[in-house]
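These notes concern the structure reproduced below.
Naming follows writing order (A, B and C), and every chain is counted from residue 1.
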Amino acid sequence: MVLVALLLVPVIGGAVIGLGRWRPVVAWTAVGLNGVGLAGAVALAVRVVSSGPVDGAGGLLRADPLSAFMTVVIGAVALLSSWVGVRWNTEELARGRTTAGRATGYGILVQAFIATMLLAVLAANVGILWVGVEATTIVTTFLVGHRRTRGALEASWKYIMICSVGIALAFLGTVLVYLAAVHAGVPGGHALDWRALVAAAPRMDHGVVRLGFALIVLGYGTKVGLAPSHSWLPDAHSQAPAPVSALMSGVLLTVAFTAILRFKTVADAALGPAFPRALLVTMALLSLAVASSLLITQRDYKRMLAYSSIEHMGLLALGAAAGIPLAIAAVLLHILGHGLTKSVLFLSSGEILAVEGTSEIAGVRALLARRPALGGIFGVGLLALVGLPPFSLFTSELLMARAEFQVGLGWAAALAVGAMVVVFVAVAGHGRRMLLGVPDNPGAGPDGSTGEGTRLPVSATAPLVGGLVACAAIGVLAWPLAPLLRAAARVVSP
Amino acid sequence: MSGPWPAATQLAVSTLQVGGVLVGGPLLLGLTRKVKARLEGRTGPPVRQPWRDLRKLAGRERTRPEQASWIFPLAPLVLVATALVVAAGAPLVAVNPAFGTSADLFAVVYLLLLGSVALALAGLDTGTAFGGMGASRALTIGAVAEPALLVAVLALSIPARSSNLPAIVSSSLAHPIWLASPQRLLALGAFLIVVLAENGRLPVDNPGTHLELTMIHEAMVLEYAGPDLALVTLGESARLVVLLGLLANLFAPWGIATRPGAATLAVGAVTVVAKVGALGVGLAVFEVFMAKLRLFRVPELLSGAFVLAVLAVVVALVVP
Amino acid sequence: MRAGSYDSVLALAVGAVLVCAVAALWLSSVRGVVRVLAAQGLALGLVALLLGLHVHDTALVATAGVVVGLKAVVIPTLLRRVAGETHSRETRPLVNVPASLVAAAALSLLAFSTTRDVVRLVPTGAGKLVPVGFATLLLGFFVLVARRKPVFQMVGLLLVDNAVALIAFLITAGVPFLIELGVSLDVLLGVVVLMVLASRLRADYGEVDLDALQELRD
């Protein structure tokens, strides 16, 4: 019941927006509901840690520590994104770039998007998991194309074409794992249940599981944005409205990644760690290479953030390849830290785009001097993103590297560190060009408006600062999360 | 397999087949022309007209291009000889003619190819522009068509576990269910396309064309005249009969004589004539309704045939 | 039905699905390709029907009906509407037709060689046909990457989808019904999304050629 209620919160939010049309009061109600969703997710996590997994909806849904953790991540980023989304839509309406009807549609789709992600992480059954991930694709396609510019339509076309293929492959992989499970003696009705799969894994046929797992990693890997099927990601994330980019980059990628983690548990038990590890390490290093080399030459700051997401997904895959509980705990911590940081960055990049009128790095100068609050948030976010302490990404990267050395993946960790240095130099360079410097014409932006006139209201800065503070707090303390992370790591790596 | 065949019967079968192919070839040409003419609303020449033409040509004086070497007069002989060798060994009237054991599908394909290559060489040998052009086009087509044919043959020989023609025919008679299997149908598709291409029929080549620039096969034999031309026409028509007969008996073997005896042989002869005749009529009807493909689209058609053949092999390996 | 004729009719239906995929690679007119896609949907429905009758599974027979309705009627109609009345053709594919047909042959052999384990594991005769399903899958991929026009890419995607459905039918004789329904619904939704996108593109920018859609790149 609890789980269904948790799923229903964003559905109600969508219904409220649908019935009340887009008005500030309605939009803020939906934000409030997302806050309730986050509170519910935290409560669920506490309950799961203290008294074990919760089942729901006749066994189709289950919250184990891993799902509980992911609902918290989704809840947090959803709250940030819908909060800033109110302001984003108000601005768009004020500038005449959207209509009330389209803003309503946007609000409904965002809530539906949140609901489908929750469905994917709370699924007890890998079939439902697949349906959830597929549904996120369909919903987000409309969101990516929401602005209806040529670029946005192109991005959403690429997005749905590439991701649909990925999803089809993931389905095929799921079917093959089902076959292996049925062959291993699991009754057909339970052969898609994740727990039953893990239990039966040691008896499964190696060849079929190997093929199935490879298809699943390739398929869900498309949604994660792992190379070689990452090419949709920079387009979609740069063209989507900023709050949607925040959700997609911050959580959608990692929701798909947890699907890979779940199947990795099955594959590890069936095949031993060598094959999943080789596959994940290959894709991780490929992603890191692609991301770091393309980050150097980026001219667009939203695309820069998108490529940085590919880099972080590569780091996650490498951590998952290590596979020991320490590595998985670090991976999950990284998922949370990346979700918070990246969503703050995308949300503030939306602000920058709104006030500066360009997404070119070269078009933005001396942001820190002209708009201290916005520039400060963006700058601190970039520092967090490249993994500087005290932010949690530093902690999780350190832990992942340690785990990788422990299992003999030190060489891969060293390569990853090399890629991270390149990323650091590239991102720091781009950030320096955007943030530092002396304004040519003090007090006036390129659009003629004065920096003072468009100072951010507290309601806009609060969620961004809050996200960064949370990220730093987790990095320093890790305290409220430690038991949850430990329990979730044991789910993936028993 | 049925009981042992007396050597004399086998020889008789082979003689019957060779004779039938020789006589029937020009008649088949006449038949297709007649059907086409009727469909186009003309009366058309009588069916035996090609024979009359041949007789007239045979009576003429031999003329050969001055630059031509010994290849030029040899090529028509090779063409006729290869077609007749295939006719002698292939299971047309009965499953087990003389030399049947050596009638391997691959051998048959290469024998027929030998004839085509000889003609292409002769086309080049004349040293004229049209001869060379025709030869190069024919070889381009052949280069794609031959692999398709070979792979289609491979697909047929997998279920029979033998590439011997009589063995394939008798095992498909024993397992009629094979005839509707996907690999057979795929191979049939490939085979049909190749037969059309190899014999210079529409939509690959137009046998009735008078435009040198669009010619493929006709351009190649443009320099032949008199008895040489008669031989070329005879060889070509024999080849068409053999290929159509093989097509009929590989994909629909009913009626072929499986055991020695005058009655069964007669039935076999009648059915094979009927099948080839029906295929000839079908060919004519098809050509009436079909336009010639542009030359650069021919490789598309033939590579399609190749894919069908490969798929047939894959399916044959999958479905035992 | 006798076992022998059941097997051979099933093999025929599966073979038809594959041939339709080849034909989609072969043809260059939108109209023809959509017709081929509809034929493939029909063949796929036949496969589901045969399997359902064979194992006496009403849910699978019902699925067959859904498959035919969706893949042989609804989706082709929608596609035709997206493509519009123009007799559009693929004039400049990235890979020309002969080369792509030869590639198709190579892909089929690849499919055969990678699926031996699956064939070994499936107890029924239907399992032997799984490599054909994988060959269809790879051909669908090839259409997707080798063609430029959005309609052809959608066809490629639908071929991949049909292949996945075919493999699922053959391997499991029907995954649990609930999931199957979800899958079909999702496919329908996906196609609707694609349609909306394509028609928006067409409405806003005229005849759509993905060649023209190359603003976003590094």
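Convention: a contact is a pair of C-beta atoms (placed from the backbone, for glycine too) under 8 Å apart; a residue touches a chain by one contact, two chains touch by 3 or more.
Nothing here was measured: the structure is a model prediction, and the numbers come from that model.
K.L.:
Check every other chain and keep only those touching both chain B and chain C; list them.
P.N.:
The common neighbours do not exist; no chain touches both.
K.L.:
Taking each chain's centre as the average of its Cα atoms, which is closest to the average over all protein Cα atoms shown?
P.N.:
Most central by this criterion: C.
K.L.:
Select the chain at the greatest separation from chain B, using centres from the mean of Cα atoms.
P.N.:
Most remote chain from chain B, centroid-wise, comes out as A.
K.L.:
How many angstrom between the C-alpha centroids of chain C and chain B?
P.N.:
36
K.L.:
Using Cα averages as centroids, what's the distance between chain A and chain C in whole Å?
P.N.:
Distance between chain centres, rounded to whole Å: 31 Å.
K.L.:
So what's the Cα centroid distance for chain A and chain B, whole Å?
P.N.:
Here chain A and chain B have centroids separated by 65 Å.
K.L.:
With touch defined as at the start, can you tell me which chain C residues reach chain B in the complex?
P.N.:
Within the complex, chain C contacts chain B at residues 4-5, 7-8, 11-12, 14-16, 18-19, 22, 26, 97-98, 101-102, 104-105, 108-109, 111-112, 119, 128-129, 131-132, 135.
K.L.:
Tell me, which parts of chain C touch chain A in their complex?
P.N.:
114-118, 120-122, 137, 141, 144, 150, 153, 157, 160-161, 164, 167-168, 171-172, 175-176, 178-179, 182-183, 186, 189-190, 193-194, 196-198, 200-201, 204-205, 210, 213-216, 218
K.L.:
Flag every residue of chain B that touches chain C in the complex, lowest number first.
P.N.:
Residue positions touching the partner: 144, 177, 180-183, 185-186, 299-300, 302-304, 306-308, 310-311, 314-315, 317-320.
K.L.:
What part of chain A is in contact with chain C in the complex they form?
P.N.:
Spelled out, the residues of chain A in touch with chain C are 127-128, 130-131, 134-135, 137-138, 141-142, 145, 148, 150-151, 153-158, 160-161, 164-165, 168-169, 171-172, 175-176, 178-180, 182-183, 188-189, 192, 205-208, 210-211, 234-235, 238-239, 294, 297-298, 303.
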